[in-house]
Amino acid sequence: MTNAPGQDLDSLYQEIILDHYKNPLHAGLRDPFEAEVHHVNPTCGDEITMRVHLDGGVVSDVSYDALGCSISQASCSVMADLVIGKPVEEAMAIHESFLTLMQGKGQVEPDEDVLEDGIAFAGVAKFPARVKCALLSWMAWKDATTQSQGHSESQPQEAQHG
Amino acid sequence: MTNAPGQDLDSLYQEIILDHYKNPLHAGLRDPFEAEVHHVNPTCGDEITMRVHLDGGVVSDVSYDALGCSISQASCSVMADLVIGKPVEEAMAIHESFLTLMQGKGQVEPDEDVLEDGIAFAGVAKFPARVKCALLSWMAWKDATTQSQGHSESQPQEAQHG
Amino acid sequence: MIEGLLPQLDIVRKDFPILERTLAGGLPLVYLDSANTSQKPQVVIDTMVDHLERHNANISRAMHQLGAESTEAFESARDKVAAFIGAPRRDEVIFTKNASEALNLVANSLAWATGDLAVGPGDEVLITEMEHHSNIVPWQLLTERKGATLRWFGLTDEGHLDLSTIDELITERTKVVSFTWVSNMLGTINPVAEITRRAHEVGAIVVVDASQSAPQMPTDLAAMEPMERPDVIAFTGHKVVGPTGIGVLWGRGDLLAQLPPFLGGGEMIETVRMEGSTYAPIPHRFEAGTPPIVEAVGLGAAVDYLGELGLGAVRDHEHAITAYALDGLATVPGLRVLGPLDAAERGGAISFEVDGVHPHDIAQVLDARGVAVRAGHHCAKPAHARFGVQSSTRMSSYLYTTPAEIDALVEALEYTRSYFKLG
Amino acid sequence: MIEGLLPQLDIVRKDFPILERTLAGGLPLVYLDSANTSQKPQVVIDTMVDHLERHNANISRAMHQLGAESTEAFESARDKVAAFIGAPRRDEVIFTKNASEALNLVANSLAWATGDLAVGPGDEVLITEMEHHSNIVPWQLLTERKGATLRWFGLTDEGHLDLSTIDELITERTKVVSFTWVSNMLGTINPVAEITRRAHEVGAIVVVDASQSAPQMPTDLAAMEPMERPDVIAFTGHKVVGPTGIGVLWGRGDLLAQLPPFLGGGEMIETVRMEGSTYAPIPHRFEAGTPPIVEAVGLGAAVDYLGELGLGAVRDHEHAITAYALDGLATVPGLRVLGPLDAAERGGAISFEVDGVHPHDIAQVLDARGVAVRAGHHCAKPAHARFGVQSSTRMSSYLYTTPAEIDALVEALEYTRSYFKLG
């Protein structure tokens, strides 16, 4: 059997991803929170319920209940761990940088200082069908955070193509 | 210039047809009548209003007001002249035989004893787009006659394809 | 050697150019996603190309030679489709853009119906829990908008319709019963004749979603007893080796003639004045605008192709492959099939779960081995919910599927388990 | 030599295989029916074949390599179409089956709208007397069904909209103004910016039927002033050198997001439970079921092809040919053109009458000479009625039309007159 496809897979399923998948950080729904959102990947049915608690301009907690594949679960865990404790503005910048990575079709070099464990998702960007999995929780977080800030952005936004 | 297309045309535009077109028989709307129908060729907009008067099982009058091309006008004139004075049953048989001719794609040999001037339309059967023109008045006549007989057949029937 | 396979399967496969493709890493394509969309034989592609390169013109409206050729090609596609399903009359065959539009056409038109067909408070529409979203949402919209009630058949643990409640569900209040002939998720073949008869006894309209049955089983409407013949069936071109962009609605002529128009415009009219319009007879009444011409022509070639193979032979092939696949899947530890386990009771779509691996991840690993399956809810979320899962992996075979491809699937599933380090 | 023709017209013509065809009697094809449907360049056909032979799969739903390729091809067609019309956002581009469906989508959804968008008694929808049936009947259905009132702009004798009544027609009661950018019968180019501004001042939604303008003139929505930019435009693939089976609806994102769903099912959902469903954001919200995938891919190649020629150059070509044709037609005794006589005010469709010969008969004789034109009401019965005729003959050029073809038309018209023995 050829090994080529296996190698491809390994670039998707990095050890870090599988670890987060098996042991997700910050899982569960907690109080207090200002906004709770429910996002769905309509294509495959993956779902997430997410709460965001802001405190003095800082993301004080992100808690969630998620159903989905390894990529979407691990991404959620990584995201929560990255943004909790960060000022909203900085967290939004991290979000932006993750989005750029995911939409880069594998051409964007991730910045480990910003994304930390998130750089493990660089390989996902080469699998267009999985990009939405990786982004589900990030989109939910952005939505919930914006709502927490008092802006309402009720219509879930779809990931931009191309 | 090649003559081939001209020959084709002449098989469509027989002298008899052009004559009936220029001098249509039985034109105009007359009393008495038991049924009046209005048929349209939805494709091109040709229209006909037709009245039928039956008397003792005989087609006693067919009168009409028609707008359309040479084929549809001539066909109406020929039809009216053919059926007026005939028992309904015989007229229906003529209708049937004209229908068969028109749907025969030029393969059916017309019977002059039955169709008289109608045989001039044999060439029309080779022009699928014109078959509907030739049939418009015949369909209207059938509809009106059936209504006159007391049967209601309100939904105009479309010429069967193939 | 397995019984029932299509004779000369290797030659049949040569008709499908895509099956010769290789994927990343030079792997051969193992296409097991035919319930999602089927592959196209060369003859369908060539027929479309010939139409576009030599006969392209708008239909009906055009009087010239190209127009006559194009109209003839389009209308003879209607004849072919009518023959394919044994339609009692050719003008009962309406071309839509897909099965979804066909189903919506009926539901949406019913929303504007008056008289006997009107749907309102107190009236009920009956569907089932195993429907594709395209046979759920249109009826939700209809009943919500008109204040009627949506009801549904539940499912047994084996993935059959639970007909034990049929007397409560089909009543004098039932205006429409709409259900799938073959489930695209569970594979279940439903008892169309029996349900249709019961529905007709109370005067309900019966709509059957034939999207999964038309590709796999002979359909002969004219041969069905009128009481047991659905009033409407819908299917989609791209699942019967035809192109996308075309679907079919067959409906009983007098029912269709009673339905108010759906889309307005173009060729669906009899006459138009600014003050009001009248409409053409079927089929044109429901074919507003320029229809999918080259798609109809391609579909005509597709059903001809299936007709030459013989739908009976295709069904036998599917049955043989499905049985073989069920056996193979049973050898994979932790794998659970959703739906009937007897190949005789089902079509060629088999959805399953594997303990400890999410369907996306299964599909991903399979894809890395060249095996194309579908993962997700397959547009059947309620059926997934019924079985307590959110998604599943689905393999679906078709007339070109070989036993060796099933072997490749089973092997790739074993590999998936080892990749994710499952016992 | 005529100014403004496409450079290297003879080479451009070689892109269109059908133009090499001969007709009965070995006559060359003179195709002057492009307003009905355009011919297809080889690159569109080849792109579709490549998709069907190598990348065919269902989109979105499929996780495998073919699925990814097909999805990428489909979504990049959306990007190309968005670029073609200068859409402010790519997700505002919705694929339908044709222009007619796009227009019906809006009218039909509005019938179920609540709140601001609701249409009911006292409300008015404003159209024009020069609309294609596809932009009349949907609004008749909407206003009849909802008890609203349909009004329309009349036409001047020269074939322009009679804007003298604009103050009476566009009022606080006007909910929707829907009109064509370029008439398919009269050729008239309408003042989109001016009418849109007026309609927006009273808060009406503006729908523009771009079926005839999109093929012939540059469209740049993003460059339009927001007050003058329509809220919705619709056009159809087969008139922009693309395949049948695909149309485009562009709509302002926040308007589309407010509209209730049109067709339900397949991929237009967010989540489905038996008790009720929620819907996906645009564009998917309005793309129920398997979309016309290979058709979108073909359309992408088509708009790329037009983009390479340059829509400005295409418009110049049409203008030059139209002016030349108007001059030629003016030499035919008894011929009367319906619509503006100045090529600058019109598109490339020219409808005319010839005293003493019915349009069918003209088209028939022309066809016998290889000249393909359309005869009939061109799906614009009210405009014909306005000019006191029941039908007309229409020649319509496109980017591949040569002056020699116009000469052939004029000569064939002379022959027609002599065939029917007219002075």
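The chains carry the letters A, B, C and D, assigned in the order they are written, with residues numbered from 1 in each.
We take it that contacts are C-beta pairs under 8 Å (C-beta built on N, C-alpha and C of every residue); 3 or more make two chains touch, one makes a residue touch a chain.
A quick note: this is a predicted structure, and the numbers were derived from the prediction, not measured.
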Farthest-lying chain, centroid of Cα atoms versus that of chain C: B
Rounded Å distance, chain C centre to chain D centre (Cα mean): 31
Whole-Å separation of chain centres (CA-atom averages), chain A against chain C: 36
Centroid spacing, where centroids are CA-atom means, of chain A and chain D in whole angstrom: 43
Chain B, residues touching no fewer than two other chains: 43-45, 47, 127, 130
Interface hub residues of chain C, defined as touching at least two other chains: 24, 61-64, 67, 267, 269, 271, 360, 364, 375-376, 381
Interchain contacts (touch definition) - all pairs: A-C, A-D, B-C, B-D, C-D
Complex contact set, residues of chain C against chain D: 17-18, 21, 23-24, 29, 31, 33, 36-37, 39-40, 44-45, 48-49, 52-58, 61-67, 97-101, 103-104, 107-108, 112, 129, 132-138, 140-141, 144-145, 150, 152, 236, 238, 243-247, 261, 263-269, 271-274, 276-277, 288-295, 360, 363-364, 366-367, 371-376, 378-379, 381-382, 385
Chain D residues touching chain A - in the complex, by the definition given at the top: 60-64, 67-68, 71-72, 75-76, 78-79, 90-91, 257, 267, 269-271, 280-281, 284
Touch list for chain C against partner chain A, complex: 24-27, 358-361, 364-365, 368-370, 375-377, 381, 384, 390-391, 419
Touching residues on chain A, where the partner in the complex is chain C: 2, 4-6, 8-9, 12-13, 43-47, 67-72, 127, 130, 133
Residues of chain A touching chain D in the complex: 40, 42-45, 47, 127-130, 155-158, 160-162
